[in-house]
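Structures incoming, each one as structure tokens.
Across the two complexes that follow, chain A remains constant while its partner is chain B and subsequently chain C.
Moving on to the complex of A and B:
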């Protein structure tokens, strides 16, 4: 993901801002890291350049 | 899920008088652009201006988002499927794995496009894989249409609008009535006849 995505995403649970912590960056692209809600402290992973903002209870859910 | 398992599921559910979802839509794991995505993309493209921020919900391969990016919009896709997110990212479109519009800020978008799973599907025909998730709208075809209409207004910019593709099989009048109950006025922007169904693009906006 590019950092400017931060301007439109929020915590899916309480809609508060997210803090970005970058683990790996390539050019302008954030490849891995973590997003943390500034309000509820829930964390969301960035893996292979894609932020996973599914609520925790949907992360491991089977499709359908 | 393996091809073999899919084929079995398909055979078991093959007693209906309509072709199976697999036969109608192919059996890829990520929904590939078809007539519905194309009609939605063409209709939305006419309405975006360069610099608009747009969201493509259930982006699949990222086709609608890519079309709008091509028109100069800042387009972002969201999908619940990890496979769809991978494909969209590989196509160069910013993408978020998420549930409908839940992970986006209030007032963020000038336009939100949604080509939902809209085929009414009896439970015995569902296969529990990502492709089925992309196609099946549940019993009435509105499994994701209704929750989307309940939540989308929050992310619309003050003059923002929603374009959603539905099928005649999904009962567009019922969809519009439901939206109206949630404060969204609507109009029909486009319609195309296809075998088994008509595809309709509805526009929703604040009442």
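Moving on to the complex of A and C:
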């Protein structure tokens, strides 16, 4: 994902803003990291350049 | 959601397009892409969301035409296919893929100009909730397709491994009403269902398709069509 995606996305649960923490970057592309909701503190991983904004209750039955 | 696990297997994602859209399936791919382009029109600089984008067949096509597009799907492996396709096509600077739940979209209200989903509602267990969520994040247009009840699809639907949810006209009206959407245009096609085209070689498929379009243009043909494309606005 590109950093400017942060302007669009929000927490799928309460629609509040997300904070971005980057672990790995390649050019302008964020390859891995974590998104954290500024309201409910739920975290969402960024894996292989794709943010995983599935709510936590869907992550278990849907392994990557 | 039907097929939730099936669509997330790596091997399924890798073979998905070859399996679904080779042979007679090529005609399906072409018709679906045309349906999307007809409904969404010129997309340059439009903000578009595709729900259940899978391997990005439409996502990448619209990005090539200048849309700022986001593709959302439940399946990581399917999205990786889309991401690689976007990079190979050189459109990856205005396309984004993400995993997400169509019933809880990670976007604010009224964000996109257009929100669409193809081949999605036949898998949906709670279509009203999904359509309402698509409407929530769209400020103008919502576009989707359905497989129809009382069509040739009904005949073989029971034999499919996942089955499909089929919709009557009455159910569509009720869904649109419930989501606060108005119908702009409806198109009905495919007197002969998709499964038939996927089974036959391309040379034959073209002839059957001509017959299909000719008969499908008649009032009775329209009634029996197996697929409908619904172009709606807020």
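Going forward, the second predicted complex is superposed on the first by the 61 of 64 C-alpha atoms of A that agree within 3 Å, B and C clash if a C-alpha of one lies under 4 Å from a C-alpha of the other, contacts with A are read in each partner's own complex, and residues count from 1 in each chain.
Definition applied: contacts are C-beta pairs under 8 Å (C-beta built on N, C-alpha and C of every residue); 3 or more make two chains touch, one makes a residue touch a chain.
Since we're looking at a predicted model, the values are computed, not measured.
Enquirer: Touching A:55, do we find chain B (first), chain C (second), both, or neither?
Expert: both
Enquirer: Tell me which partner A:10 touches in the superposition: chain B (first), chain C (second), both or neither.
Expert: both
Enquirer: Scan A:2 for contacts with chain B and chain C and give back first, second, both or neither.
Expert: A:2: touches chain B and chain C.
Enquirer: After superposition on the shared chain, which partner residues are touched by A:21: those of chain B (first), chain C (second), both, or neither?
Expert: A:21 contacts neither chain B nor chain C.
Enquirer: Please report the chain A residues shared by its interface with chain B and its interface with chain C.
Expert: Residues common to the chain A contacts of chain C and of chain B are 1-2, 5, 8-12, 15, 48-55, 58, 62-64, listed in rising order.
Enquirer: Using the touch definition up top, name the residues of chain C that touch chain A in the complex.
Expert: 4-5, 8, 70, 74-76, 79-80, 83, 93, 96-101, 104-108, 111
Enquirer: Considering the complex alone, what residue numbers of chain B touch chain A?
Expert: Checking each residue of chain B against chain A gives 53, 76, 80-82, 85-86, 89, 94-99, 102-106, 108-109, 126-130, 132-133, 136.
Enquirer: State the interface residues of chain A toward chain C in the complex, per the touch definition above.
Expert: 1-2, 5, 8-13, 15, 47-55, 58, 61-64
Enquirer: Under the stated contact criterion, what part of chain A meets chain B in this complex?
Expert: 1-2, 5, 7-12, 15, 48-55, 58, 62-64
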